[in-house]
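The structure under discussion is supplied below as structure tokens; questions concerning it will follow.
Here the chain labels run A, B, C and D in written order, and each chain numbers its own residues starting at 1.
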Amino acid sequence: MKLVKHLKVQKGMNVSELVQEMQGVGFGAGDIAKASLIMDEMFKDKNCRVFFGVAGAMVPAGMKEVIMDLLDETDVFVTTGANLTHDLIEALGENHYIGDKLVSDEELNDEGIDRIYNVFMKNEVYEKLEDFFEKNFDKLRECKTIKDFLWKIGELSQGKGILKKCWEKKIPVFCPGISDSGIGMMMWGRNVKSKFKTNIDVFADINDIVDISWTSKKTGVIYVGGGLPKNFIQQSMQFSKGADYGIQITTDRPEPGGSSGAPLKEGISWGKMKKTGKFVDVFCDATIALPLIFASIRK
Amino acid sequence: MKLVKHLKVQKGMNVSELVQEMQGVGFGAGDIAKASLIMDEMFKDKNCRVFFGVAGAMVPAGMKEVIMDLLDETDVFVTTGANLTHDLIEALGENHYIGDKLVSDEELNDEGIDRIYNVFMKNEVYEKLEDFFEKNFDKLRECKTIKDFLWKIGELSQGKGILKKCWEKKIPVFCPGISDSGIGMMMWGRNVKSKFKTNIDVFADINDIVDISWTSKKTGVIYVGGGLPKNFIQQSMQFSKGADYGIQITTDRPEPGGSSGAPLKEGISWGKMKKTGKFVDVFCDATIALPLIFASIRK
Amino acid sequence: MKLVKHLKVQKGMNVSELVQEMQGVGFGAGDIAKASLIMDEMFKDKNCRVFFGVAGAMVPAGMKEVIMDLLDETDVFVTTGANLTHDLIEALGENHYIGDKLVSDEELNDEGIDRIYNVFMKNEVYEKLEDFFEKNFDKLRECKTIKDFLWKIGELSQGKGILKKCWEKKIPVFCPGISDSGIGMMMWGRNVKSKFKTNIDVFADINDIVDISWTSKKTGVIYVGGGLPKNFIQQSMQFSKGADYGIQITTDRPEPGGSSGAPLKEGISWGKMKKTGKFVDVFCDATIALPLIFASIRK
Amino acid sequence: MKLVKHLKVQKGMNVSELVQEMQGVGFGAGDIAKASLIMDEMFKDKNCRVFFGVAGAMVPAGMKEVIMDLLDETDVFVTTGANLTHDLIEALGENHYIGDKLVSDEELNDEGIDRIYNVFMKNEVYEKLEDFFEKNFDKLRECKTIKDFLWKIGELSQGKGILKKCWEKKIPVFCPGISDSGIGMMMWGRNVKSKFKTNIDVFADINDIVDISWTSKKTGVIYVGGGLPKNFIQQSMQFSKGADYGIQITTDRPEPGGSSGAPLKEGISWGKMKKTGKFVDVFCDATIALPLIFASIRK
């Protein structure tokens, strides 16, 4: 036990100073401070490979740049098909919008606008997606793993974005639920129309992520929002004898037993987190916590 | 607006009487009552195909029989690889246990016990899984879709369970995230050792679910816990011109923008829920709400 | 650890049978079952005095009858001023209504309707409240404790309700935050206009609740929603050497450190819960959990 | 609708720069940015009186200095008896500690340590509290309102703190639930022993807060955690014709209908929030959100 040191706000203080002040306090702020220390140590540890899992609508919400900057420190990236679809939509020149969460969904539908809480997108963006996949189907259907397929999208898309960066930097990117997304729907559409079809075995990517985990001296995990990205990394952690570092940001409850709300320490029972691991669960909206933690270590 | 009619508890009342009393009240109880009415109407509507999506650790928690009974009313079932792995584990004769949520994860690990909140499982169950997949790999690797692969598991496993029932009753069962599970790991292990490998195209199942949605006169959706199961059904709903009925049970928050916490009405903007659809969001642990709602319509 | 026994829904099953089935499962349903067993034991224990604390808008929501029935088993009742104001409003012949939670607050305001999530009330009810307090001010201002003041309201009001029952059955009813309510505002209004003023010492009621706690052989606590009612009971529990039984129903998170979300076991550190106490935290909307638990023991 | 502008983390950026970046994004971060703008405008508006309500264990957690700095901008302060008790405990020279949330409550009890999530306090601090109230009872029992009583504590206590500052700066401080706290228990103890007793009418303070609200040209409200502090301010807002500005920070759910989780816009129906008011609900642990928002306007 250490003394509570009351947080003091100073004029013009920078983010790392604020988060340093949070070290002295309890509850959520203390967890932010702990996450900052762990992220800093994880990134500086040359023997540690970082596995970064992102669920939730982080790209539509405006977290694309934060994720892209974090990719510079990331060895394995796992996310949802939705995030990658929205990343590609932006890479193709389309946009997302912020608005009023109280707007009528009936009116939105009439106007051809799709809603994600208070983020909006014109439904017509799917036409550009169609064009992209129509044009590039022959190259995409050659891929044999989801990772290669995603890299190929990154290579073929024009604008910058997460997939472009993963391809450029050869960061392994996994998306076990890729069929559950706009990208999946596009590929289905092409498969239906084409004589030649895709042939990406559903289990093929496991080999890659297990191999990276297996050959790591140390591992660190960062989970935003849980879901498949968390679990897919978690199951690979058994091959690294458990993660050495862990940061989880989620607002899901632990009581109903879902993986997204499960505290990291449960991973110890499964051998997915080391008993000596340094880890923290941050109960906070990730659009607040992730930039705050990341900015605090960018001194 | 209708008058609040205070709920009255009667001695020995049955579940449908209790839930009927909930019709007169506000907040969560009113939503349970509404879900009961919608489920009843959805199941009785001969023109309606029911899409049932289950995320979260429902099988380990003890909801297997409830899910199996609900499958009698279900036209399409979508779930996580974890639920199917735990279903298979039980079909192979192994068990789950309830215990104290405050137990030490370090001690559990020493004893070879895996934990899901207050549900526990011996890690040695994976040996039986290994045997099953070792023995049946040749048959399983022939499958070309995840659905056929899951039906094959159902056919080959001895004990009763969800997959067995889906196979017996030919209920289409989808699991877009199957690689993210113990079953996925087992198949990876066999693929590594075998000269012959699986060849299940990751996009292949979309065709089946879209086709069922497309050919439905009416559709109803039941979502437990969100996640991939919800989203995979949601994306198929566009082909049914939106669901006519909807029940969502989740404890996730809407504010952070994830699909699992998104209210059903957001689906209207996307064309995944009909403007005239009857739907309700139930904010409740599904192990409480699902049996309660289901029991209320089993008069 | 005991074996998970999958919950089985039977046709026409009654509530106690359903909750009995929940004994075999994990997560929230298991907690409901545990709460049922504890409530049953608590109520049957002749040496145990039951302290029942209710926060949240339970009366407007339609839980008045459930609370009144539970008062038959209650030795001390603590609630918010809001609940008692809404109880009195109904006792004076006014009503609450259920409606659509998506209605516009601007329109409600134009129509003179006040909203509590999806429960509504005409603002004009306050006129009847005014009449009641105007007419009875002379009797009410004589009271020297909040408990006596509340009993007096119960005596003077015509219709049935919580306060009427507390007065009739002489159940001690505490409301430390009474000034924070419509009743409080009414008394302020009369105090302003009258030469004679109220004289209810703010600390006076502590004596009564501590005395009851102090002289109890055993104590049991039931908390709905936390808040002042929980804490006011908790602080008296130290004088009973800690509660022997405890049921808490809340949806508040523990992480931000508030009393409403704090698990009952924290009370052990303070000496407010016995180390050997039987207690359970139920994470559930109280309008669902409270009737469900209570109905399960009314065989 | 405005374009999502992806948040960009810069090296060494200060807090106001980070929060400014949050203006371009959705979900929680956008709400933080909005709260920052509203707080800035509220504080700069010379015609606006600021009503600041704080529930939750903010003082034990380490938010005392933040609250004290915010008091410089505050016209009315409302909080819980718990916060004021812990403030006084520190003013008397005692401390709080941060530790491991997984520690055993049984062991803590053996060691005489009280726990609030991951914040701890020696139970022996109550001895100093006893001394303080024993020594000063004669002066304290003279007070006729809770506000005067709290100012008197501020005057009589040695160390700095919230009550000391409220007294020094003559900031009206209200605590309608004062009897529900360590301070309340101490006063009860003295009342029991003394021939002369306190005489603080429970309704007396309403006059003061209504009067301040009534005479305000404009009003702004800041709610941390809901509870009595929120509601006590809310009921006074009707006399200001509704608040012009509002910031609410809470992690409570709206669905179960409690005041703490109710969105600010519900206040419009009641006439507690102006239709033209600028307000935002921030779903976040207040130990994170409050310093972040406050630091962002301290340029």
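By our rule, a contact is a pair of C-beta atoms (placed from the backbone, for glycine too) under 8 Å apart; a residue touches a chain by one contact, two chains touch by 3 or more.
All of these numbers come straight from a predicted model, not from anything done at the bench.
K.L.:
Moving step by step between touching chains, how few steps can get you from subunit B to subunit D?
P.N.:
1
K.L.:
In whole angstrom, what separates the CA-based centres of subunit A and subunit D?
P.N.:
Inter-chain centre distance comes to 35 Å.
K.L.:
Where the CA atoms of subunit A average out and where those of subunit C average out, how many Å apart are those spots?
P.N.:
Whole-Å distance between the two chain centres: 43.
K.L.:
Just the number, please: Cα centre separation of subunit C and subunit D in whole Å.
P.N.:
About 24 Å separates the centre of subunit C from that of subunit D.
K.L.:
Can you tell me which residues of subunit D touch two or more of the remaining chains?
P.N.:
26-28, 57, 60-61, 116-119, 251, 253, 255-257, 265, 283, 285-287
K.L.:
Select the category (line, ring, star, complete, other) that matches the graph of chains linked by touching.
P.N.:
Shape = complete; every chain linked to every other.
K.L.:
Help me check something: in the complex, which residues belonging to subunit A touch subunit C?
P.N.:
For this pair, the touching residues of subunit A are 26-28, 31, 253, 255-257, 283.
K.L.:
In the complex formed with subunit A, which residues of subunit D make contact?
P.N.:
1-16, 18, 21-22, 24-30, 32, 57, 60-66, 69, 95-99, 102, 116-120, 251, 265, 283-289, 291-292, 294-295, 298-299
K.L.:
What residues on subunit B touch subunit A, complex-wise?
P.N.:
Per the stated touch rule, the residues are 55-57, 60-61, 82, 105-106, 108-109, 113-119, 123, 146, 176-182, 184-185, 187-188, 191-192, 197-207, 210, 225, 227-228, 231-232, 235, 251-260, 262, 265-271, 275, 285-287.
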